[in-house]
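Below, each structure is written out as structure tokens.
In what comes next, subunit A is part of two complexes: it sits with subunit B in the first one and with subunit C in the second one.
Entry: the complex of A and B
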């Protein structure tokens, strides 16, 4: 027994720190979610300090469930996360397979491909929404204005011009609008995180057994069959890892949503928490508990998926 | 059918000539072994026949048809790799059936053929396992099964046994020989192990630095090595090869005498030396003799047992009719 005591003793500070780190915030969130607690209320000043006498039961949860943005936030959280996962995995595999071949300038291309990952999320969002997606000043606006100019020129041509007059003017899309801001967020985060997927897939492709491929060539497998039956199964585990890590990160997206539309028409759970937290800490805490539940559901799904590929 | 003809085939990687132009004919149904030290180009030659390496020049014919530009899968050859190269995500059944699936064969026909192959290789109990759950010998069998189902005109083996332990290797060696006796299909087998070459081959091709040193039956190579390299490479323990006055007495620049063709006496003989290490195998004894003045070390092999101690004086007498003579270029003198 005594030889186990010392290691346990030495572990204690780390374990205690972890417990404190996790359990205290979670406990406080739970506590706040069951009381009335606001930062500022002139009529009921007693609500501005947390106290059990302000007990509200499940009132905060009811309030959150009835608020008009809650289901939009859940739906948006899932929509944004799933879209980003889908796009980064597909793009990541395609790019990784493409640059896995040897070609001149390979090193530079790889470094450039990884670089978006080193841009800060807020900077990334500002760059995209202002310089690329802006309907007037951004690349999008300039490109569409250019296309319209070309079309105008074509309409001036005798005879043929009549045909082009039937074409409509192209309209730039505003990505700050209610319907499109989630798309903008998906685009910029996909751009930023595809390199992460490429990096993971590329290392995995480099460990692929070349003799297996040669055997497959002799067995009559064409390039597609080799990809389908050898490369894709080989990538199963890295795909699971990429999905898992990205899901954790993207469930808590905040900066991009704030910068694109300040949450207009495009909220996710963390953003909703932020909004409630401007004043209503009780409701923010209740939303936080919902976010924990959602994250757990997603995590269980993902762990099953990862576990399945690891079992193979 | 599977007659393979290499015509002035050569291979260079950049500036390095791995295989200078060479000619070779492998007859239908023959078990041919390419043997040579590592880096002699034997695997490259096999990969060129398979179509996995392009030829720098020359042509390859299979059954009279020029296949130099034909893709690997269309050559009708099946290859077994050193690392087995099984597909790790597929079951044994899927692995063996993969080439048939790529041919778009009917599933029922695939199942039938896979089971026939599995039966002949004792793999029936493992069909639904993944390669990771099999032992080395079983994996090797699966790799052979994957080659058999295609019913190829020739089998290519690239050092298939070198990842197995010694006991298994002997067993698999017999199984492959048995398989050849049964199927009578052309087989080309690459190895660096001259014991494998001697025991399995109808025809051995000895390669060194991409050149063919000698082609012949195992016993041809043993009894009449064409040059010093083959003499030293074939046979275990190695032939004693030396130059000097003793060689000139026999009318040659270099002579070679196999360990088993030397008689030993403690009292009198042609050459005198001192016992170094004696290795007692029970059935045989290998004695490494020092200070003979002929070569650094002279090895003799005696059937049965003999009691000698380190440092004992010993006399050696070569059997005159078993002395191999070579000229200055290292070529055999009859």
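Entry: the complex of A and C
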């Protein structure tokens, strides 16, 4: 065997495994998306197993496009991902700039800050929705009940009480409700992923050109313009990478949505697919193909943006 | 020079106070989970026992009775460790090939591998269940190990590739001169040299496997169910079991969080594919 052939062959197992992993299930999804395939149907038992004779053409796609949930799910997927990206990048930059200089206990603060990133998503969601955000038993409920008690006490004071009785009672927010469950998901994922952004931005800040900064100070540049014209451009590449990696993870967010509200008012595409897949496999597969198309659009856009910097 | 004086005042008092405040704020939910795990279920929901309570270890001692914790933990350990080993077993030779014997297609292959990560899992969920049930592997360790390995393989290869790229080619070439074959190169030259990189790749893959909550929940019922499945199954305890739920959650995430503390530096290099230094 020649000098370079064997070494090159060593990548084939990995390539083949990933190819099989990608093509076979995806091929099946494509096939299922064109047939009638429902798991429970007493009147049409022939539909309960996949067969080419149940061909439906683009019927499943039409069905999905007509369902109201589909566009809500796409809208919601994008809303959740964009909100998380926006919050984590802004918070990440601010915190990284803040803790980049030495101060007493810097190492401990770093450890405290990074911890949420390692918490498993299922625990993250159960912890937040129950122990922190629950309107009665969680810290939110307890805090609001406490504030209302204090206000009640103030209302009893002779003259001042008249002023406080104008104040309304505070109402705790239920984060399992239709309008708020997306907010809860955004909050808990931001908590988990801001540390990731901080860690990467901080690493990047440490390689910032200090001489350039000193020169800028001598030229009379204030803190803001130093940040705006030196630090921010320096962070361009890490920001792109943080955005790309988070987009990969958050487009397929599932556990948090399931745990917070079982999708109530807050379905994203993966969740919608899961719901269809309880019975209507054809529709689930068609939705899956739409999700693949959406992911590809995002992927092409992101890889264009980041790909070059990865390869140098 | 007023600005300088002001900023130094911020540096001495403002920065540490603000930084510690933010650090504690981010850590607080974890701290609260640990505190709650030492309360009885009844105390955990009483405002009067919010801060003052008599700590108890019962929640930890009863983890097996309450949740059958160790069965799920055992499955998590088996699947995460095996998947990490298998990922490295396939990933190290692949990354070696790409780093030291690149062809014109290598860059495209690497990019393609990364793009498989963007394939939405939900899109192929049902076919996977269908196949797994068809060949009788549904709810088995083998299935979960395979899936965990495959979803982490792209990131592992990327990480290893960036570590291997840093090793001077001359060292590997020198081995060739001495008549060492390819396996010898990997075993005797590459692995000892890149030990740190391989170890941190393993650590990160292990953490991702441990925390995985999509496939492990949907491809198992009982026999191969991991800790993610256990926690998700208790998603809405309606406040009755905050104490015991906190204990089982602490036990599930504690080891990983501590492991994470030790590998935060490697994490940056790994997750950014060496693009941020």
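To be clear about the criterion, the second predicted complex is superposed on the first by the 286 of 312 C-alpha atoms of A that agree within 3 Å, B and C clash if a C-alpha of one lies under 4 Å from a C-alpha of the other, contacts with A are read in each partner's own complex, and residues count from 1 in each chain.
One rule holds for everything that comes next: a contact is a pair of C-beta atoms (placed from the backbone, for glycine too) under 8 Å apart; a residue touches a chain by one contact, two chains touch by 3 or more.
None of these values were measured; they are calculated from a predicted model.
Legend: residue contacts after superposition of the two complexes on their common chain; A:211 is shown touching subunit B, with no touch to subunit C. Of the two partner chains placed around the shared chain by superposition, subunit C is the only one that A:277 touches, whereas subunit B remains out of contact. By the touch criterion defined above, A:66 lies against neither subunit B nor subunit C after alignment on the C-alpha atoms of chain A. When the shared chain is aligned, no partner comes close enough to touch A:43: not subunit B, not subunit C.
Ranked by how many residues of subunit A each touches, subunit B and subunit C are led by C. Contacts of A:304 after superposition: neither subunit B nor subunit C is touched. Legend: residue contacts after superposition of the two complexes on their common chain; A:115 is shown touching subunit C, with no touch to subunit B.
For subunit A in complex with subunit C, the residues that touch the partner chain are 3-4, 6-11, 13-15, 17-18, 21-22, 24-26, 28-29, 32, 95, 98-99, 101, 103-106, 108-123, 125-132, 134, 136-137, 139, 142, 145-146, 191, 194-196, 199-200, 203-204, 207, 222-223, 237-238, 241, 245, 248, 251-252, 254-255, 258-259, 269-271, 273-274, 277, 281, 284-285, 288-289, 291-292, 294-296, 298-299, 303, 307, 309-311. Interface of subunit A with subunit B (complex): residues 209, 211-212, 214-221, 225, 229-230, 233-234, 236, 312. Interface residues of subunit C, counted against subunit A in their complex, comprise 3, 7, 11, 15-16, 18-20, 22-24, 26-27, 29-30, 32-33, 36, 45, 47, 50, 90-91, 93-94, 96-98, 100-101, 103, 107, 109, 111, 113-128, 130-131, 150, 153-154, 157, 176, 182, 207, 210-211, 213-214, 217-218, 227-228, 231-232, 234-237, 239, 242, 245-246, 249, 252-253, 256-257, 259-261, 264-265, 267-268, 271-273, 275-277.
Those residues of subunit B that touch subunit A in the shared complex are 50-52, 72-73, 77-79, 81-83, 85-90, 98-99, 102-103, 130, 146, 150.
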